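The same chain A turns up in both complexes below, where it pairs with chain B and then with chain C.
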Partner chain A sequence: AFFWLVSLLLSSLIWFIAVKASDPHDEPLQKGLLIFGVMFSVLLQEAFRFLYYKLLRKAIEGLVALSEDGCSPISIQQMAYVAGVGFGLMSGAFSMINLLADALGPGTVGIHGDSQLYFLTSAFMTMVLIFLHTFWGILFFHGCENRRWWEIAAVVVMHLAVSGSTFCNPLYVGSLVPSYLLMAAAAVWAYLLSGGSAQNLRRFLLCK
Partner chain B sequence: MITFMNNSDSEDETCNERTSLMSAESPPVPSYQDGLQASEAGEVQTHRKRQTGGSCSSNNVADGDMSDLGVRVRENALENEEEELTLKYGAKHVIMLFVPVTLCMIVVVATIKSVRFYTEKNGQLIYTPFSEDTPSVGQRLLNSVLNTIIMISVIVVMTVFLVVLYKYRCYKFIHGWLILSSLMLLFLFTYIYLGEVLKTYNVAMDYPTLILVIWNFGAVGMICIHWKGPLQLQQAYLIMISALMALVFIKYLPEWSAWVILGAISIYDLMAVLCPKGPLRMLVETAQERNEPIFPALIYSSAMIWTVGMAKPDTAARGPSQQTWDAAEDGRENHSSPSHSDSQILETRSPVPSHPITSLEELEEEERGVKLGLGDFIFYSVLVGKAAATPSGDWNTTLACFVAILIGLCLTLLLLAVFKKALPALPISITFGLIFYFSTDNLVRPFMDTLASHQLYI
Partner chain C sequence: GSCQGNSVERKIYIPLNKTAPCVRLLNATHQIGCQSSISGDTGVIHVVEKEEDLNWVLADGPHPPYMILLDGNLFNRKVMLQLKGTSRVSGLAVSIAKPNPPQGFSPGLKCPNDGFGVYSKDYGPQYAHCNSTVWNPVGSGLSYEDFDFPIFLLEDANETQVIKQCYQDHNVPRDGSGPEYPLCAMQLFSHMHAVTSTVTCMRRNSIQNTFSINPETVCDPLLDYNVWSTLQPINSSGKVDPQKEVIIVATRIDSHSFFWNIAPGAESAVSSFVTHLAAAEALHKASDVHLLRRNIMFTFFQGETFDYIGSSRMVYDMEKDKFPLRLNNIHSFVELNQVALRNGTVLWMHTDPVSRLNDSVQTQIKNLLNILSSSSAGTNVTLQEVGYSQPLPPSSFQRFLRARHIPGVVLTDHQAAFQNRYYQSMYDTPENIQMQYPEGLSPEETLEYVTDTAKSLAEVATVVARALYQLAGGANNTSAIQADPKTVSRMLYGFLIKMNNSWFQSIIKPDLKGILGDVPQHYVAVSSPVNTTYLVQYVLANLTGTVVNLTKEECLNPEKTPNTEKEMYEYAWVQGSLDPNSTSRVPYCVRSTVHLSKALSPAFELRQWGSTEYSTWTESRWKEIRARIFLVASKELEIITLVVGIAILVFSLLATHFINAKADVLFSIPRDPGAVAY
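What follows is the complex of A and B.
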């Protein structure tokens, strides 16, 4: 969570400087700057995920060195999951919490002609992002562990795609549908990587 | 951890509060053979000075008995085990401290966001005489710096006074002072708080009910904090009084002064704990020399210490002291005896050179716990509360400060595990908190607002 926060900080710093340095009345420029800010932020987030991975690697080595039987009490997969959840929760919290606070107060959604589904779609979008961050954490760490660069690249591309799809808002079908599809794909992938299989799933569902 | 609060029953008297973070870490007792190692107390100390009345006296437990009376041969063998256990328990300690700090912050933030009273400017303390309603920015800055200087010097004076009192064994005076301050906090501030909350929610309450409630709350609080009580109740009371104090600070400190004071206090804390002549350090060392707990009930302790010590005639003046608290963390204690009124906690490891310890009751057991000074709670909550009180009403700032403080606390505890001595708990957290507050408020907020208005997600 902290690492996500720092990445957010740095990306907003960049955006802020860019905005202040540019003409505030030039609408397309502002929009362009915003898009740039978003993309840059995504890249920074992934960079920080990588840094976090490095840190956790060192921590695991330390734990292994100190433990009695040569294996650490927490595995890298668990750490990947936790890292993903942390990122996701922080990102979700930052996205939603002001909305929620405003939702408690009086008002009408979309009274100025905006979409009436604003709160609902925001909630769904946030949820999909939190899930995605969790899965991306697992995929990313797995890729780093086994040196599979294409996995890492896939995560970055997915993240960019999801953020990019939100540019279609308020055309929600353009953003929510692809995001959910990507989430399903990432979920399956992460599940398989974590050692699950169709067999396990069937056994679990049939309670064997 | 030394938390020191001098409360006066009027706002004119100054209070000192020193808080420090102590970890009671001691290596496990492996067997009855000779060479038991003395427990090392890691203490993390932070200073906090409070000027208004209403601090509670808290028992500082000097967990630092550095008695290495055991045979040194064993030390190396035990060291590795010790390190591993340190790290293993370190994570547990971190969680044990996260929960109360989080609770305190939640209470403060909830109150600030809902009760208008604590964000209204109704005057200032006499310790911050310079007003901030000045026309120019430079003048305002100057005033806040002057306010800070006055406040910090008051705190320094009070701390030194306390150390002097302690050195010359004026215990009665100190106890009386602390009891008076906790009385004020538990009764007066709770009354005001309850009044404001009831006003906000437009709930009517008659005076007899009010008197009953406050009397019960205050009396149970006094007993819990100064004498004996269930551990969780004591922890709850300490959290509540920290929150109350933080709210008082948030209300009565002017804007810029509050931020400068936070920064200055963490610097002061750093110096007071780490410098050889720092008052807190001297306090801790004096307490350790005398094998006494430092002061009553100004420290939040996350676990229970069960110590069963035996006074051996050949060991150097380590009397057994037992402290029992009702909440048993695990049932490893073998022997409990009524605690003294001073609740002395002594972790002693007495070597058993010649005769083996015969009965199980003489086994020393210690539940490792980490202690954090109440002043740390208060200043963390002040930071988060001030972040919540910003006029823009942004929750992102509050959340960011919260995460920053917790990460700072984590790092501090990590350092504590590494250094094993008293460390200041304020500097790292407050630095992170300040950085994140100012950057989130000015940089992240416009970014996130723009993103939210276009419904973009990053």
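What follows is the complex of A and C.
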């Protein structure tokens, strides 16, 4: 979570400097700067995920050295999951806290013509991003572990796609639907990489 | 800008910036004004432009409580009492009626300052409580009612239009049934800390001051300063010789309206004190003022609107020997009240019928009236006496009469009821006294343009100045004493239209530049001195004082400089006018006899919070006052959002539990059944 926070701080610093250095009344320029800021932030988040992977790798060597039986008490897959959840929770908190603070007042969004469903759709978008960060954590670390660079590239591309789709708002169908589809795909992929299979899933559901 | 509010907040709320609240004032026994809940009052907006629209609010509307946007013409006692009695109203926003309501509008009382003047059951009972003459028949007494919902004034027509547009888009009932959510709503914050009465709030103040480490005051007494000046200099810290007689000329300089800090007071205050200032200027120009037998004191009382705060304090100080003059120094009293709306050329002279029963007083009053009438010869003013059995109108003179039977006269433009149909309201504006300027003038040209109103007031000032000269024992021909219409016009412009003009800027102290910012208004307020008091002080110093050749240090420290006679004069270092070609000013030192004396009701000095003899008005304190509009969602949408959230939470908890329990089934690679790392 801390790593995500640092990546957000750095990317917002870059965006802030860019905005200050440019003309505030030039609308297309400001929109362009925002898109640039978002893309830059995505790349920075993934870079920090990679840095975190490197850090954890070193940590596992240390833990193995310290343990009695030569195995680390926590596996790299568990660490991948935890890293993903951490990124997701921090990103979710930052997305939702200021909305929640304003939702406490008596008013709702809409007096300037925005959609009334603003709070609901923001909540769903945040939920999908938290799930996605978790699955991307698993995929990313697996790709780094097994030197499969195309998995890492897929994570980055997916992240860029989901962040980019939010520029379709307030046409919420343009951002929520693709994001949920991507989340389903990433969920399946991460499940398969973590040792699941269709058989296990059927046994789990039927036993239930 | 970079420091704007959170962008989500900007999507939700539109703040209303140009509003004026109605605040709570308290006296010995009652509270008046408005109150909101501590976290603001919210309601669905309904625009009321005719009386039939009220039925929706009071009975038919399906989404109470309502926040009403009231047209200014409907802001009358009948509508307000209907709104006061219902619980379906959570607040009110009034838009100013343009043009002024033609039938008149006065939220003041029909009988202003009743009970604090001279007429009571012991003195002229037939005149007390307006039994013989109702002074303000248009008065509805709205300012003196207690409302438990907030009432705001919308000063900007653009903001009113935004609210009406929001109402049109969302709140208009369609086809007889109620409008659909989301609805446009407004929230008003004006929580007042003081309750019940001055007695209660001052008691709470003293408890706080005694026991609390961080005392929280709940109310403040209304106070300010009276401005006074004498024609011949007197020792302001000593006492005047009892044989020396003084003639007092008085006017009030404050006004009030239903809303806080909105008190243009054109006819009720400004017309009279501007005339007074012009008369003072005219008198000082006479050649033999230092030879006159009697002195003249020009007094400007502050706080007269609230049961004669300034004049009651001055009388108290005179009785208790805290003022250089005593009551037995006063030879006669001339007061100017509301002189701008003369009917034709007539100016009425009011006297007190009860004190005229005494023969010596009757002789002096007759003398006074004769001198006044003779001074009007050659001017466009006709002085007439009102009927013998009519009492004095509400005036500062009444407080002096309570203490001693001084011969005096009150000059007004009304014979019985006020000519002013907007007494103590927000509509008592320059238009009310028919100040008209031609189109297309720059601010400098407007400052110098002489209106007809200014000429008319200058005539009155001339008459008053000549009469005072003769009263004071002057023997020369009075035709040389003339008030200057240009000065009157500049003062009217400054006190009614734009305080920040070049003349006012040149006559104030350099560090007071900040007071010349706002729209002119004349409420007495609780922090003193207010802008009006400062400006009256400096204008009087400019008009009646002399420029002396002292340096800045000498002027600011006159006690260190020889020959300045510090006790007789006041010295002020003023910033001077701007050279047309440069950006710097040439400051200079002005010597005048203008002094300030504290205008705090004696009830607060004597700590008699429940006094019925002295004014006990206080103003409540508050934390924040603001207004905003936004949309509100239906209860159904809110409940759906909440239920969906809780359902997803419960589902995710269940799913996590089951996945964790059956982890070995789901994931075929065996691993230690350790706790899932969160």
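Just so we're on the same page, the second predicted complex is superposed on the first by the 207 of 208 C-alpha atoms of A that agree within 3 Å, B and C clash if a C-alpha of one lies under 4 Å from a C-alpha of the other, contacts with A are read in each partner's own complex, and residues count from 1 in each chain.
The definition used in the following text is that contacts are C-beta pairs under 8 Å (C-beta built on N, C-alpha and C of every residue); 3 or more make two chains touch, one makes a residue touch a chain.
Please read all numbers here as calculations on a predicted model, not as lab measurements.
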Q | Fit or clash between chain C and chain B when superposed on chain A | A | fit
(Q) Applying the document's definition of touch, where does A:Ser95 land relative to chain B and chain C: first, second, both, or neither? (A) first
Q.
Is A:Leu56 touching anything from chain B or chain C once the two structures are fitted on A? First, second, both or neither.
A. neither
Q: Name the contact category of A:Leu9: first (chain B only), second (chain C only), both, or neither.
A: first
Q) Counting only touches as set out at the top, which of chain B and chain C does A:Leu176 meet: first, second, both, neither? A) neither
(Q) To the nearest 10 degrees, give me the chain B-chain A-chain C angle using C-alpha centres. (A) 70
Q: Figure out whether A:Ala80 sits in contact with chain B (first) or chain C (second), or with both, or with neither.
A: neither
Q. Should A:Val156 be classified as contacting the first partner (chain B), the second (chain C), both, or neither?
A. neither
Q.
According to the stated criteria, A:Ile138 is in contact with first (chain B), second (chain C), both, or neither; which is it?
A. neither
Q.
Output check: A:Asn200 vs chain B and chain C. Expected answer is one of first, second, both, neither. What do you get?
A. second
Q: Based on the superposed arrangement, let me know which partner A:Leu66 touches: chain B (first), chain C (second), both, or neither?
A: first
Q | Shortest span in Å between Cα atoms of chain B and of chain C, once chain A is used as the common reference | A | 5
Q: Could you pull out which residues of chain A sit against chain B in one structure and against chain C in the other?
A: 73, 98-99, 101, 118
(Q) Under the stated contact criterion, what part of chain C meets chain A in this complex? (A) 2, 6, 8-9, 11-14, 42, 166, 182, 184-185, 187, 628-633, 637, 641, 644-645, 648, 658, 662, 665-669, 671, 674, 676-678
Q.
Please output the residues of chain A touching chain B within their complex, sorted ascending.
A. 1-2, 5, 8-9, 11-13, 15-16, 19, 34, 37-38, 41-42, 45, 63, 66-68, 73, 90-91, 93-95, 97-99, 101, 118, 121-122, 125-126, 129, 162-163, 166-167, 169-170
Q) Can you name the residues of chain B that touch chain A in the complex? A) 83-84, 87-88, 393-396, 399-400, 403-404, 407, 436, 439-440, 442-444, 446-452, 454-458
(Q) Touching residues of chain A toward chain C in the complex: what are they? (A) 20, 73-75, 78-79, 81-82, 85, 98-99, 101-102, 105-112, 114, 116, 118-120, 123, 127, 194-197, 200-201, 203-204, 207-208
